[in-house]
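These notes open a run of structures that come right after.
The following pair of complexes shares a single chain, subunit A, combined with subunit B in the former and subunit C in the latter.
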Partner chain A sequence: MHGKRSRNLSFALALLLSLSLTSAGVAADQEIKIGAAYPLSGAIASTGLDCLHGAELAVDIINGKYPDLNLPLAKSEGLPNLGGAKLKLVVADTKGEPRNGQAEAERLVTQEKVVAMIGAYQSSVTKTASQATERLKIPYVCSDSSSPTLTERGLKYFFRVSPHDAIFARDQLQFLKDLEKAKGQKITTIAALYENTEFGSNVGKQILKLAPEFGYKVVADISYAANATDVTSEVGRLINAKPDVLMHASYITDAILFTKTYKEMGFNPKGIMTFAGYIEPGYLPAVKGDGNYMVVRSTFALDLAKNKPLVAKVNALFKKKYGIDMSENAARSFTAPFVLADAINRAKTTEAEAVVKALLATNIPGDQVIYPWKGIQFDPQSHQNIHARGILVQIQNQNYVTVWPFESAAADVIWPFPAWKTRK
Partner chain B sequence: MSEQLLAQLINGLLIGCMYSLIAVGLTMIWGVMNIVNFAHADFLMIGMFTSFWLYTLYGVDPLLSIPVCGVLLFLLGWIIYKFVVSKVMTGPALAQVVVTFGVSIFIANAAVFLWSPDFRMIEKPLLQGSWIMGPVRLSIPKAVASIGSIAITLALFLFLRKTKTGKAILAVEMNRSSALLMGINTERVNALSFAIGSSLVGIAGAFLSMYYYIYPQVGGTFGLLSFCIVALGGFGSIEGAFIAGILIGIVQTLGGYYFDPAYKYAIVFALYLVTVWIRPQGLMGW
Partner chain C sequence: MKKPTVLQAVFYAALLAALLAFPLVVKGTFPTHVMIMVFLFAMMGVAWNILGGYAAMFSFGQAAFFGIGAYTSTILLMNYNVNPWIGLVAGGVLAALMGAAIGIPCSNLRGHYFAIASIAFAEIVRIHFNNWKFVAAAEGLSLPLLPDSLKNFMFHSSKAPYYYIILVFLLLSVLICWYISTNRMGFYLRAIKESHELAKGMGISFVRYRLYAIMISAFLTAMAGTFYAQYILYIDPESVLILPISVQVVLVAMLGGAGTIIGPVIGAAILLPLSEITRVWLGYKGTGVDMMIYGALIMVISAYQPQGVWGYLTSIRRRAK
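Our next item is the complex of A and B:
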């Protein structure tokens, strides 16, 4: 009896061992499954879909042959070091909920057997999803969530390509300084307005911390619920505080609601600096001309094509596939698959430890990314891309145009904003 | 400071009237059938989209879409009652809870599928802009929507008190078995109440579409608040829902303004908790 049991046990062990061995290497013409979690239903489903489109196009480029694109692995079909293995996105819907982020990441890894993860968009969801992958020891490359805390957790398997909100907040304040110098504008007071989840409250924290360093006084500090149906009390407080500049971190629904309420209640600061919601593709179609003049932090704008022909080529492919221009969201999510594919290709395996090692050695030059960066290289401690930086775009005639840094600007910034009642 | 107080008070009143109209439909369905209609917020969304498409495709102003939305949602409510809800009315209690939840999920996903999750807005409605009266700016579409909400609620009130059908609905609400014994066709009353409740929220959707953005999940917070309003006002009480709606609108704006915007819904739900603690049947419930 005892002998039989131990034989069974050793058989099971052997089976387990052989299974783990086969999963470690990747045979030729095999698919490499990458998990992609995005909010595909719920309040910001339009954003999630937009992000997913960016990632899908990247996978198309990696898997196909694009000799005239200067992007990692574009010129070859699939991953050459793995016998031309192709990437396959396994998509999951987080519904924008942190608890689903965790559950979906676990499902993707344990049931769908993905070897790496990308996405999530909302920082709060990325946070739980990446905690799950950390526990399951699966690499996670994020290029669309911007909460600074994500790369402050000391995770071993988590990497971020895109800039975070501390970088963005600093950029915005630097812009105000530059504006004072270049245009002789006087700015002394700032109001911070931010939605109260992971993303917004962290931006708020950064603004409150950095503004005094730049010599600005914060005259209002307002956090609010992003799902509010009415924001007159928030705008009422802003009107009372009379700030020179408003800095607003929002998702899309609240961006639309606030824009309408600014107009309705006649809130006229010298300028409004914004994060996230104001650059989503759903924003301008909803508010039309009322969105004019808003200054938004970004990593990407189509007019970057002026100095970077690659941007126009990628956008042409995007437009051909989805019928619309590439938005900032799509452009941000676009890069994570390249970083992952490049690392897996160099590691010559999908085994997690080797991929992490390869990710740490990532060195993608600036001319192979679609943003105005020096490239992609990860900080060995935080795993944040050390070259990530933001740009500022302004909505002019219902178009996003790059206005800062002044040297890569496509147009002059319009400042101060005209008052609502003088607008047509 | 007091200028803002007045502005906030008026805005709270305006949004409160809107909440009232949404909640009145919900409370009516609850009162008659003891069913929580989880699809209520989705009916609101259908009303808004109806108004949006009439405007976009045929250039019909949302003001004129109001009766269309009312009639359309009346029919939709009737159909959903006849083909879905009535089937489980005699079934286990859980089935009754789950059925409208299923309808809600179906409608929300169908809307994403048919119309995409994009955000829309009626660009140039007939009513737009604000009346500026001293320090107070009063949004014209909001004001008209609020007056409309009050008028519709009043009309419903009169219908229930003055007409034979209305009295039959009230009778069923008070005591279903007695009403049945008195010869009231309770099945018809059920269908009618479900249809009227849906129609009201459809009308609310048309009003809301004059100034609010439209997308498949737009009902979310409105739905949550209307459950709270129905409970606060007293389950099944139309006057209660009306008063509670306005109360919550005002508490939300003033609470947000004086206390902290981040907690404005916390204040609303705290008010609700305190009320049901002192008066479990709600303000006007019995």
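Our next item is the complex of A and C:
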């Protein structure tokens, strides 16, 4: 106790000189508590833990001194405008249930006294958690939930850094347009295939809405239950519809089942564009070479390092701490703490209204994020990051390779897909 | 039914006073939230008990009634601007009618077969809602935020009103259960539970009484559903219609003591805080230890005291006499 007190005392004394210029709302030795809610037990606990690791690494970088990292607040220790105050994550488990999202957000704010929230991964949990923080007037920065509805609610304290499913759907269609232009491909018809929970049906809705805007005709609109054990009738309908391109929103088990059925029944569109399931760690080991040429939406890939050295540096730190490469989930959750810390630092206080004001003025340049974005700036109405966009990766030789945006690509996209019969 | 002794009366009065004072005395919203969850599941446990405990219809489909209650009041509020209290009654009536509709073909089923049928029913309801555009399918519904008032059944500044409302709901359910168990219907149900043939021989129309039991149980469970919607303010099939909710309701009743009035309340008072507290203490480490402790406790109780906690307590009392 004595040691800590005297250290705090000397720290405070040392700061007295510089403090005359700043009007910090937080004492120098105080920690800034940030609530982080993730599904840490239950069916997707490993995903939740992955997300948490991303956020933890971000807090490490903010609190420590990393002169060679071009990330917000990496070069200084803690938040300079608040006398070097450090962030502390207060972690909570939601079990992936919406009612726990609400309960944990309330507990973190009222009992743990967190000044802001990040997380919750599942959109339904983020929904109730952010509703609770809205009532309690606490800022919430989300960088891991993708339901478009989250930023359509007009909440005052809720901000989203990462792209949502409507952006992802638009990206995929934009990719097709770019492909037509760059490679002289002719694409006219698409088929929408999606599982019927909130995630898939939302993506399906977006595809059906956006495809005509891009001049594509939807020739099949098929939804199915993600736990289906046989999908031959769905694939049969796809074959009959003869789309140029298939767009498929799935979880992992259905992605595997569909891949096998495409091969068995010889479904050969020019390309298959996919969401989520096709990039889960278990997909490739299950389908091996049959997964080749699938195009998947993502926000992050390690080969972005080719055009962005920052990615390699951050991944090296991640690997050192957790022993594995940074996944897409970890990379998504990584950004929210920076956005919050940057806003609190500029606000020079943790007071909610000032932080919200600072969040609205956020302008983090593109070279300070680990994705190929122009940066981070929030729409004043929806509080969605206007620069957020996805990337597309293609499975080539059983590896995920970034193929779009073309300027960030690590390899050329292989298009059209070789027919199943011609594959080795 | 014996009249309670003076000592018992004093005990219950003190308990009630403590419950009434709880949200005023205890600081922080989280303990109040845990108590609200206890009362919510206790209420559903009591409702299940009317079916499973007294009438031996082991329903694993209570989530369907819960969801119908939550969705009915919410849809009425969002689309037709109907007051949630009216929605609550409408949801209850609809759930009771649904209960009757499945009760007629299923009330002849016994034991396991009724349980299987109830799971099937609840899954059909869930899948239907998951694909039903009118109720926003899998996207779920966010309730419009209305100003704080009892009339709106919505309170943003404090959890205490929610606490008192669900406490009243629970007391109401306990009273109904007590009334049934001490009246003709309760005796009939128990006779049916002992032997279908015997009850039939005695001239008891067991289909009719079983239907009554299903309808009452469904109504109360739907009330709990409306409460959930008004409390959490967001519902989707994944949070109000899934099998784990039905299972938790059964667990609450079995753990506390099925076929007793107070058993499900005790079950909920043990199970819910246990799951909430282990989650808060251990869940954030992501090791799953909280779930293991939770599961182990359920196994211990079911292995050593299949009559439930209440059964254990009464057996101690009997031995002491």
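Here is the rule we use: the second predicted complex is superposed on the first by the 319 of 424 C-alpha atoms of A that agree within 3 Å, B and C clash if a C-alpha of one lies under 4 Å from a C-alpha of the other, contacts with A are read in each partner's own complex, and residues count from 1 in each chain.
Note that contacts are C-beta pairs under 8 Å (C-beta built on N, C-alpha and C of every residue); 3 or more make two chains touch, one makes a residue touch a chain.
Here the structure is a predicted model, which means the values were calculated and not measured.
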- prompt: Where does A:K308 make contact in the superposed view: on subunit B (first), on subunit C (second), on both, or on neither?
  reply: neither
- request: Mind working out whether A:N196 is in touch with subunit B, subunit C, both or neither, as first, second, both or neither?
  value: both
- prompt: Counting only touches as set out at the top, which of subunit B and subunit C does A:R389 meet: first, second, both, neither?
  reply: neither
Message: Taking the superposition on A as described, I'd like to know which of subunit B and subunit C A:Y224 touches: first, second, both or neither.
response: first
First, second, both or neither for A:S41, with subunit B first and subunit C second: both
Message: Applying the document's definition of touch, where does A:R153 land relative to subunit B and subunit C: first, second, both, or neither?
response: second
Task: Check whether A:H248 is in contact with subunit B, with subunit C, with both or with neither, and answer first, second, both or neither.
output: neither
- prompt: If you stack the two complexes on chain A, which partner ends up touching A:R170: first (subunit B), second (subunit C), both, or neither?
  reply: neither
Message: With both complexes superposed on chain A, which partner does A:E264 reach: first (subunit B), second (subunit C), both or neither?
response: first
Touching both subunit B and subunit C, residues of subunit A: 41-42, 45, 49, 196, 223, 225
List of subunit B residues in touch with subunit A within their complex: 1, 4, 7-8, 11-12, 15, 108-109, 112, 116-121, 123, 130, 137, 139, 211, 213, 215-217, 220-222, 225, 249, 252-257, 260-262, 264-265
Message: So in the complex, the part of subunit A that touches subunit B is made up of which residues?
response: 41-43, 45-46, 49, 196, 222-225, 227-234, 236-237, 239-240, 252-253, 256-257, 260, 264-266, 282-283, 285-288
- prompt: Can you list the subunit C residues touching subunit A in their complex?
  reply: 28-30, 33, 37, 127, 130-131, 137-140, 142, 156, 228, 232-234, 236, 238-239, 276, 279-280, 283-286, 288, 290-291
Message: Per the contact definition, I'd like the list of subunit A residues that touch subunit C in the complex.
response: 40-42, 45, 48-49, 52, 91-93, 95, 97-100, 102-103, 106-107, 110-111, 124, 127-128, 131, 135, 147, 149, 153, 196-202, 223, 225
